C-alpha cells in the first residue's frame, strides 16, 4: 500500500520535529515536505535541530525546509500536520483546509471553533465527525486539533473516571516542563532553581478545552460538559513531561481500588482499532508511593512506537469525599505531535483521508 | 538588660544553623551552647557549615559543638531551640522540659500532643497558654512547637481569610524546596531535572496541623477547626522556598479585591508587640501576574531582621465559587528556625521565660 | 559635596541594572537618567526588572526609562555607564565621548582599540592614562572599558602571580554562569542538566584581553604581555558566578605557600586609595579542599559595598613544574558593572572627572 | 552455544545496575545471580531500582538479591562483574579470584597493583596478558579492572593521538556528572545551581591511571608512559556524562585536519574482533561549533548494543603549539559497567574465560 504524503508545518520547532520523529517509518504516512517561515527557507533539518533526545535518520536530517506555500503543499501532499505558533497557524491552516487538505494541528487557534474538534481518540473519538460540518469539508479540507499539552494528560484519566463515576469537581495543579513553551521559550535565568507560577492563558485553555472534550456530541454539535474544573499552572525546571496533581469529587463513591481498576482497565477506540502509535495500555497506574516522575515515566507506552503516548497515574488516595492523584504525560508527544498523529490515524481508519 | 542564654540543639543541621544565624545580635537571646549528636562532639561550627547563603560572624563560627547533655544545658541555659531530627527529638526535648527548661522546637515529635501548642504567633497566639497544662510547667519547663514548613506558609494567609470569610474547603498543592529534607537529604540523582510527587508523612502533617492551629483554645483545650483541608505535596529542584497553589471555597462571597485587602491589611499579635523578628507586614500581596517566585520572594520581610519571615501571596483569582492563589514562604526561616524564634519572642513578651 | 550625575545606558539589561544597584547610595555618583532602546521608552524600571537577588529602593524603581539621546545625556549628566549590547554600544559610546562625556563601558566594542584601556584598577591602573591619547579627550570625552567577565576573574590573581613569579603559560578552563549571556540569553532547554562547551568569541576575548591588560604602558602606548594564554570556555547551569580552573607554568619556582602568600597579600591602587567599592582584600584564598563554589563565594568582598568585588581562589596545588588552582568571581558585578564603577572611581580619584 | 553464568556484585548501585542492563540479551553472558551487602538480602531488583532511563525486562526485575557469598558465587558462576564500593571491593574481589573466578571490576581497589591491568580494549588490549602473572591465575582466577570514569573518556582519544603524534603534555579539566558519585552520592543542596571544584582522589586517579594505561607492556610488566598529565576535576549539575576540556602539546606538529582524521579513523582490537558491545566507531568527531554536550551526545555509539560506548570529541582547535578539544563519554556505561563488559568480551575472545 502506498503511504500518504504529509507536510509538516513548523518544522524548525520542538513540536514540528516531534512530528518528523514520529513519522519516521510510519505505516500510513510519509513526510513529503518540511515547511516553516521564510527565515528558515533553504536550511536543512540538521541545521535547525531542536530535539536532544532523538537522532533522526540520515535521509531525514538532510531534508530541506521550504517556506510555507499553500499551493505546493496541496499539490504534493495528502494531509498536513501543523506545529505552527498560534499567531500564524490560524491563517495558514485555514488556507490549507480551504484548498482541500485535512490539517491536524497542535495550535490553539481553531480549537474553540464550534465546528472544530479538540480530539483525543481515547476520549472523544465521536467528535471527529464534526469536521463534516466544516464549510471546507466538501472539498476534502478540514481542521482537527489536539488539545493543549496540560489538558491532554488530564483528559484521558478524567474520561475514564467520568464514565464510571461521574466528575463533579476537578482541581488540577500543574508542574509543567519548559519544552511546553517551545524554543527558545523560557530563559534559563528565569527557571534555574526556580518555579514560575504563571503560564499565559494556560489555565483558561485547560479549563475550557476539558469541558469541550468531555462534552457530548449530539445533533451535530458538541455540548460542553458541566463539571467544575479549576486549573493552577506553573512551570518547573524540567525538560519534558508535565506532572499534575489532581483533587476531585465524584458523583458516585468508588473505593480507591474501584478507581484504580477503572483507570488501569481503561481501553478505547485507538486500542480497539490498534492504531499504530496508540499505546496498548493508555493509562498506566503505578503502585509505588513516589510515582509518576518526569525522569522515569516520561516515555511510558508500549509498543516501541507508542513511547511517550501513555499517561502514568499514581498516588491514588481518598480523604472523606475527596479523591487525589498525580498524573504525568509527555507534553510534546502525547500532549503535542503524538496527539495529532493519533488523530490522523483515527481519521485514516474512519476513511476520512483519501 | 542581660540577654538570656540559649542552647541550640541540632547545630550541625540546616535548621540548627538557621537558629544560630537568626540569634546573632538578637536583642533578647544569646547563643550559649551548640549541641548535636556524639558524632560531632568537639567540632567547630566552621567544620560543619551547611548554609551557603549566610556568613557567620567570626566568633560564632569558632564555637565548639558539644554532645547533648541535659544537665549541662539546664545548668547553663535559660531556654533551648531544637532543630533535632524527629527520631531523637522526642526524648531529648522531654528531658529538657522535665528538667525545667522551655524548649522551642521545630521537630514534629510533640506537635500533636494535646498539651503542646503548634504555634504561629500571627495565627494562634492564644494557644501558647496551653503550655500551662503541661505536666512539667510547674518546674518552669515546657515544649512549644512550630508547624511543618509547608503548613506554616499556608496557615498565615488562611488565618486571615478564615477570620474574614470563613474557610470551607482548602486544597493546597506544594512545590517544596530540597532544603526541607535537611542535609544530606534529597540525592541530586533524584531531583535534578525532575519532580518527586511524594514527601513522607508531609500531607498528613499539613492537614492535621492546619486544623489544630486554626482551632479554638477553649476551656483549657484546643479544639480542632472543621474545614476541609486537602494537601498534595511534591519536591522540586529549588534550594529554599516552598511555593503552594491554593484553591478554596469560603463561607462568604468576597470579591477578589476584598480578599486582597483582607490579606494585605492583616496584622496580628507579633506586629502589635513589635517582636524583634516579626515582619511589619506578615502577608505581602504581589500584583504581578507571575509572582510569588522562590528566587525573587524567598527573603521577603522587613525590617532587615525579619527577612524570610513574610509570606508572599499572588495571583488571586476567582472562578464561580472557587478562589485561587499561590503563596510562598521561606521553609527554613519562617517555616523552621524563624518560626520558633518568633515563638520564643512571644513567650518572652508574655513573661513565660524568666 | 555634590554628587556627579550619571547616565546608565542599557538600563533594561542585567548589567545595566547591576549598575543601578551599585550606584544606590554611592558617595560620588548619583543616577540621573536611565536609557535604553526605543522599545523600552516610557517604561519604569519596575516594569523591566531583571535581577532576582536585589530589591531596589522605592524611588529608584519608579524611574522612567528614556530612549538614548546623546544631547540630553550630555546636557544632564557628568559621565555615563554603559551596559549596552556590543552591536549598538560602538556608535552610542563614540557619540557620547565625542560630545565630551567620559564613558565607562562594559561592552566589547572599543576594548581592543589602541587608545582605549581595558581597565582593572588592581591590575593596570596606569593604563588609564591612555585615554589622554583619545581624539575626544580634549573636549572631556573618553572611553574606558572593563574586560570580558571571564577575563576579569582571571586577570587579578594572574597579575599578582606575574609580578611575583612571572607567568609563562596560563591555561584557563571556565564554568560560566548563564547571566553572562544577558537576558533572555541562554534558553533553559539548552542548559538544564547540560553543559555547553562553547560561548561565541569568548575564548578569543579572554586570550587577547588578558595580554593587553597585563601588558606594559610605555611611551604612551600599551604593549601586550607575551606569556602563553589558552582559554577553554563552557556554560554551566549556574545563575551567577564564573568558576575557572587554571593550570600554569611560571618563570620562577615558588612553593605553594609562596603562591598562597602572594595571592592573599596582594593589594593594589584601589586598596591604597580606599575606593568606595574596592574590596579590602581583592583576592581571598580559601583553605578548604572544595572551594571556591558559586553558591557560597559569589558575593565575597568586604565591606558591604564591595560584595561581589573580591575574587576567590582555592585548591592551590603543584605537580612538577605545573601549578593549579580554581578561582571564582561574580560575573555581573566584578566582571561587569562593578568593574566599570571601580574604573570610574579611579578616574574620580585621579581627577579625570570634573 | 551455552552462555556463561555471571554474578553481578553491587547490584543495588548505579554501576551494578548498568551491568545488569548491559547483560540483558548478551550473546556470551547471562546474569545468574545478583549480590550486594547483607542489608539488601532478599530484596528484589525492582525494590532497589536506581536507573531512571532504563526499563528492565520483567524477569530481570523480579530477581532476588543475595548477600555476597564467595562459595555460592564460585559454585554457580563462571565469572563476576563487580560494581562494589572500593572499601569492600578489595577483599571480596580477592576472595573470588583466589577461589578461581575471573573478576571484571569497576572498583579502584586493585587498579594500581602491578599485576592487574587497567584495561580499555581500544587502548591497551595487550595489557590483558598481565593477568597471567597474578598469583591466582593458575586456578583460573584473576582480576581485570576498568579505569576511573573520567580517565576512560580521556584515554581513548589520547591513545589515538599518542600513537600518531606523541603526547607531550595533557591538561584535562572535567565537568563531571553526579552519577559518578553513585547513589545517594551528591546531595542536591550541594549541586543545584552550583559547581563543586573537588572530587576526592579523582585527579590523582586520572593522572596515574592514564600513565599506566598508555604505558607499554614489556617483558611481562607494564611500564608507565612518561608524558605530563594534569587533571582538574569538578562536579556539575548533570545526571550522566562526563565532559572534559583538553589542552595538549604534542611531539609532532599535526594540522587540525590531521588530528581530526587521526581521531575519526581510529579503530582498535574491539572493532577488529567485532566484540558485542564495541562501538563500530569508537571516537566520534563532531563538526558543530558547540558539541559535544551531555544531553545530546551521552548515548553515542552504534550499533544499538553499543549505545553509550563511543567517545564524542569536538571543537578541535590549535593556537601556536597548543591543541585544544572537548570530549564526552558516558560515565557509567563506557566509563563504568560497559568498560568492564567490553573487557570480559575481550577475555572471552582471547579464550581467557572457560
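As written, the chain order gives the labels A, B, C and D, with residue 1 at the start of each chain.
Please note the rule applied: a residue touches a chain if its C-beta (ideal position, glycine included) is under 8 Å from a C-beta of that chain, and two chains touch if they have at least 3 such contacts.
Not measured: the values here are computed from a predicted model.
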item: Pair sharing more residue contacts (C-beta pairs) when B-D is set against A-B; value: A-B
item: Remotest chain, chain A as reference, centres from CA atoms; value: C
item: Centre-of-Cα separation between chain D and chain B, whole angstrom; value: 47
item: Between chain C and chain B, distance of the C-alpha-averaged centres to the nearest whole Å; value: 41
item: Centre-of-Cα separation between chain B and chain A, whole angstrom; value: 42
item: Where chain D touches two or more other chains, by residue; value: 52, 192-194, 237-239, 293, 295
item: For the chain A and chain D complex, residues of the former touching the latter; value: 52-53, 192-193, 239, 293, 295-296
item: Chain D contact footprint on chain C (complex, rising order); value: 171, 173, 175, 193-198, 207, 228, 230, 232, 234, 236-239, 243, 245, 247, 289-295, 314-315, 319-320, 322, 324, 326
item: For the chain A and chain C complex, residues of the former touching the latter; value: 14, 50, 52, 178-179, 183-194, 237-239
